[in-house]
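Worksheet: one structure, shown below.
A, B and C are the chain letters, set down in written order, and residue numbers restart from 1 in every chain.
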Amino acid sequence: MQNNEETLDELENRLAQLRRALRLAMVERDAARVAQLRQQLHRAESLWEDKAAAEQPVSAADASDASAPAPVSPDAPVSEPALAALLPTREQVHQTLSLLEVPAAPKLITAVHEAFFPGELPASRLASLRRDEERSYRSAPNARPYYLCPALTADRLAPARALLTVSTWPLERRIMGAHSPRVDFLTTATKIASALISYSQLGPRWTPDAQTRAERLLRSFAVSIPGALGPPTLAGHVPALDPDQVGDAAKAELSVHLEVDRRQRSEAATWARDRLSEAERLFGNRLASVRNSASAD
Amino acid sequence: MSSLAALARLHATRQGRAERLRQVRHHHLVDEPLVLVILTMAGEAAAPLACMVGTGRRQSTLLTVTQPRNRDQRRAFYAQLAAVILPHIRRRENTLQQLPARPGKPPRQRCADAPQIIVANHATVDYLSLVGRSIRFQGPPNTTETDPSIALLGRWLTFFAERAEYPGSSMLLPLTAQLAAHWATGQSILEDESLSKLLAWIEPPAGLTGVQAALRSENPVLFPPAGPATDPTFDAVELEPRMITHQQALASGDHLTAARTATELQDALASQLRPTWNQVWDGLALLRAIPQAARSVRRWEDDRDHFTSHSLHITRGGAPQPVHDQAVDAARRLARLERAIHMFEDEQALDDPFVLAERRTVGTAFAGVVVAREPDRQVTSAKGRRILRPRFTIRTEDPPPIARDQDLVDPERPRTIVRVREVLPEQQDMHLITVEVTAGMGSVSRPAADAVPELDELVCYTAWPSQWGAAEFPSREQTPWTHTGPSAPQTFTDLSEAEQT
Amino acid sequence: MNTTTTRLNALRGGQPPVNHNARTLVGLSVNPGCARRALLDACGADKGTVARQAGHPWQFGQSRFALARGNAFEQQVKEYGGARLLALLRESLDLPVEQVAYIPLKSVGDSTGREQRYRQTCRALVGAARGGPDPGTLYDHPMLRLNVGGNDVYLEPDLIAFKIGDRFYIVEIKSFPVIDRQANGAQVAAATRQASIYVIALQDLFATNGLDPELVATSVFLVTPKDFGNTPIATLVDARKQISMLNRQLARMDRIDILLDLLPSGLTFDLAVDTTGVPTRPAANLAADLRRIPARYRPECMAHCELAGLCRDEARQNASLDVYGQGVVDIFGGVDTTHTALALAEGRQPSDDQAGVARTLRHAERLRAALAEGAA
């Protein structure tokens, strides 16, 4: 029944039938049939894609796939757009992390990049980055000036979930103790605040769209920092955002946590320097040995 | 539930189809109701996916959203919905008439017609209330949230949702409640909340019993839910993949794919709405076939009064309904609802022998034959005057009346009011009830001829509908805004009781 | 205990046991009088598959959109070391500004094994309770464990917060909105029951480690979006009632052998799965075994139990008044079936204990007949 003579219309009918059958099987809780129909549907959809593409060869956007250079953002500044857009993903991430100077998750990297740098950096493109970097390092150690590495957990020096760092940073900064998420959060707020202040002096090179995004990002940090936002004005109106005030408030709370966080991070770093190879220091300890707490079981 | 209604459910099961529970229809139906079927995105508080709206089975407007989480699309949807609903309301507002003064009442204004919205079920009423709450306040000036038509739509939806809570009001009717009031099915009250299962019992397809038809209509693929919630398998198979493709196509500038998936989404959503749309019109036709109760005319006037005063409130620049339901207002509202419930129930009993019979099973009405009478009985009033107070005694097999200090009336002789004076158990299951005529008996010199029924005559007494003598509360529109608040659906839990943080 | 486990395993048959979670444990308390459900749950049978194989598939589930929204909201509340949550706790409970430690327990290194995570959680929480050097404030995705009817059930709360007034608080993050300080009552109740299971499991953890179970607060934090947006708000909900109700139900699961003793021998829910993984047990045969265990069907089961379709069908076949719901059952108290009720209504001589209800039925039937005549 899946012959190649099927017209696009016939195929569409079959797709509709498959979807209906799939839903009926889901209602019947028939797991085996659901799996089978999902496969059939998937095959028919691919077939449809091929046929549709064949019938409309002019579909221009099909050319762009994940490995191709990012399309130029309409928001990119007028000057040097092509150059900025052609920056490889790892360099875009490096650029962003260098602004933040703390470990960051893909979502934050994307948001900061979007606010302060030209070109696009979808979070989906960060997914494979860590693996690629490690592979590159292992095939030719230290061939590159820097690597993008995971942050390390203080207790096991294992790779921390989702957090990216730069290999050239001091090890202390790349390690996550119990207080580090808060310290890094507050640090991030100060960095975004000062970036916002200096970028707003750039004039037209920084687009209003990007500025709005930067302000929205800073505000999302400010709501969780005591004293970072002014009092609400009228009912329903959001309090004004003052980057200086956010930065000062973040620094004020930072002073409370810095000492204990520094102690925890440097203890772990010392331990890491004593016990781990360079590769392990960069990409994390995969053996599940627990520091400090081997006696607990 | 009365034992009569409960028994009717058993008969419905035995006969394989629903059994009528009412002789007349107690809600008004306008010639041109606005039917609204709406679907919402699961997991979101109020993010409409699509709706079908219109005044005729073949006069529908379909509105869809390709990404309900997107604020701008949501507002575009509301603006389109406002463009359908507001002109419909406006045409009724234009029927404003001047009513002449009546004794005790100054001249006033009332719209000759009022809008009526029909939805599938109670969940849709609650949903419209939420939508009303989410859009009735205008955003800050000069933003995208300033569109006055959206805020106005929100105010009207809030108004309709509040009226829907009011017993006897016909401004916003959930069809399942209407059908379940008029027919007893052979299933549970919970199952009666499904429009397709109700209809399955009321008009089972040829060859199927009600229970078989209801079972068949439980399949959400064959019978899409009436909303606002969609079927999860629809979300998973039809909706989500297309939404994702659509978003990706938009992001990558692939306009062809974006347009195609938008059309597909629209078709998919229409396929979920259309069966319910047709069912609502089927259900409406069933209701229309039932003759209208006499007293529903007065209740519809009441609706038109409320509609008129809300319309004037808006025209005069009045504020939208506030968010907080203050304690005082909540108490007043409860009292008002309580009175409205009694009034509505009492009135239905006078209009409908089925309701009267239901009341006879629970002791709020009784019927029987007259076994003794004293038509000339006189007593001395507190002022020392001789007055006529006829009494008569009724033998009944009904459970004896519960309330004593209540005015009772026989629907067949509405000019005479009586009160229960004595209840005596007779033989098994029988009671002798002596009542005294307290109004409509005439005077000693000129007794009313038919105030006391003859011996062996069959009589039936039920509560006389009255406002219970309570002072009229100011209507919501005449109440200062500090004392009004929206009504929350009763299924909601007040979290402010807990330690709010 | 061993014999009970053996008997439960035999009852379940060849299929692997279904893992309980907070949701299924909460489900136990919805219809506590139902022996059928209690036994199927106790032996770890997959009720959905069993019902389907017996010819009555029953579907209720959450939309993927709802699940996605739930996950997104939880992530938002927890990102950056629970920054939003800290702000909420500081505002509402004066959490000292120094308390910010965030301890992720979602995995142990690369491992997400439940037992390993449970041990890690024990270490962290017991250490904190004993006044360890650096007690954390937010414990993200801890793994708890509870023994239910002889089997270990692993439970994963959204978050545990410590220390607030020297107590550990269960934090439950839900994406249903609280609009003008009001939320859907059913959703609040379900969230509170779920959090109560975590309270019980955490009390158990402390008791097992020689610590005072009172360390666990019996109020739980519900974090939900405010109005129509994404701004989280926290509400402290008193869960004592739910906790004691669930405790009673769990104790009942421990006495499951009383129910087992009543079962005829040879009864099993085995699906006779063949070598290709396809169940082959005939529907009628499986349904017959299911029906040998008394159920307590009520219409509310439709929203809670995968067996609802089967039990409703059975109730219908038996002409049980249960299909109409509690309202009808109460009115005709003392009569069990539609047949009996109609027969009494139409004049059959009642037994002594049916005299009252027969009077009600005959009276209603007389009225009904008169109406039919009047309408005709």
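Quick note on the criterion: a contact is a pair of C-beta atoms (placed from the backbone, for glycine too) under 8 Å apart; a residue touches a chain by one contact, two chains touch by 3 or more.
Since we're looking at a predicted model, the values are computed, not measured.
**Q** Chain touch graph shape: choose line, ring, star, complete or other and state it.
**A** Chain contacts: complete, every pair touches.
**Q** Quick check: more C-beta contact pairs at A-B or at B-C?
**A** Result: the pair with more contacts is B-C.
**Q** Whose C-alpha centre lies nearest the centre of all protein C-alpha atoms?
**A** C
**Q** Mind checking the centre-to-centre distance between chain B and chain C? Centres are C-alpha means, answer in whole Å.
**A** 34
**Q** I'd like to verify one number: the distance from the centre of chain A to the centre of chain B, where each centre is the average of its C-alpha atoms, in whole angstrom.
**A** Taking the mean C-alpha position of each chain, the two centres sit 52 Å apart.
**Q** Which residue numbers or ranges of chain A touch two or more of the other chains?
**A** Counting only residues that touch two or more other chains, chain A contributes 26-27.
**Q** Got the chain C residues that touch at least 2 other chains?
**A** Residues 59 of chain C each touch two or more of the other chains.
**Q** Specify, in ascending order, the residues of chain B that touch 2 or more different other chains.
**A** 220, 236 - these are the residues of chain B that touch more than one other chain.
**Q** For the complex, which residues does chain B have touching chain C?
**A** For this pair, the touching residues of chain B are 1-4, 6-11, 13-14, 20, 23, 41-46, 130, 133-134, 186-191, 211, 220, 229-230, 232, 235-236, 239-240, 323-325, 353-354, 357, 360-361, 397-399, 429, 486, 488, 491-496, 498-501.
**Q** What residues on chain A touch chain C, complex-wise?
**A** Against chain C, chain A makes touches at 26-30, 32, 105, 107, 153, 156, 158-159, 161, 178-182, 184-185, 188, 221, 223-226, 253, 256-257, 260, 264, 285-286, 288, 293, 296-297.
**Q** Where on chain C does chain B make contact in their complex?
**A** Touching chain B from chain C are residues 59, 61-70, 88, 91-93, 175-186, 188-189, 219, 225, 227-228, 233-238, 299-300, 302, 316, 319, 323-325, 327-328, 331-332, 338, 341-342, 345, 359-361, 363-368, 370-371, 374-375.
**Q** Can you list the residues on chain C that touch chain A in the complex?
**A** Those in contact with chain A are residues 48-49, 51-52, 57-59, 79-84, 86-87, 90, 97-98, 100-104, 106-111, 119, 122-123, 127, 134, 136, 277-278.
**Q** So in the complex, the part of chain A that touches chain B is made up of which residues?
**A** 19-20, 22-24, 26-27, 56, 59-62, 64, 71, 236-237
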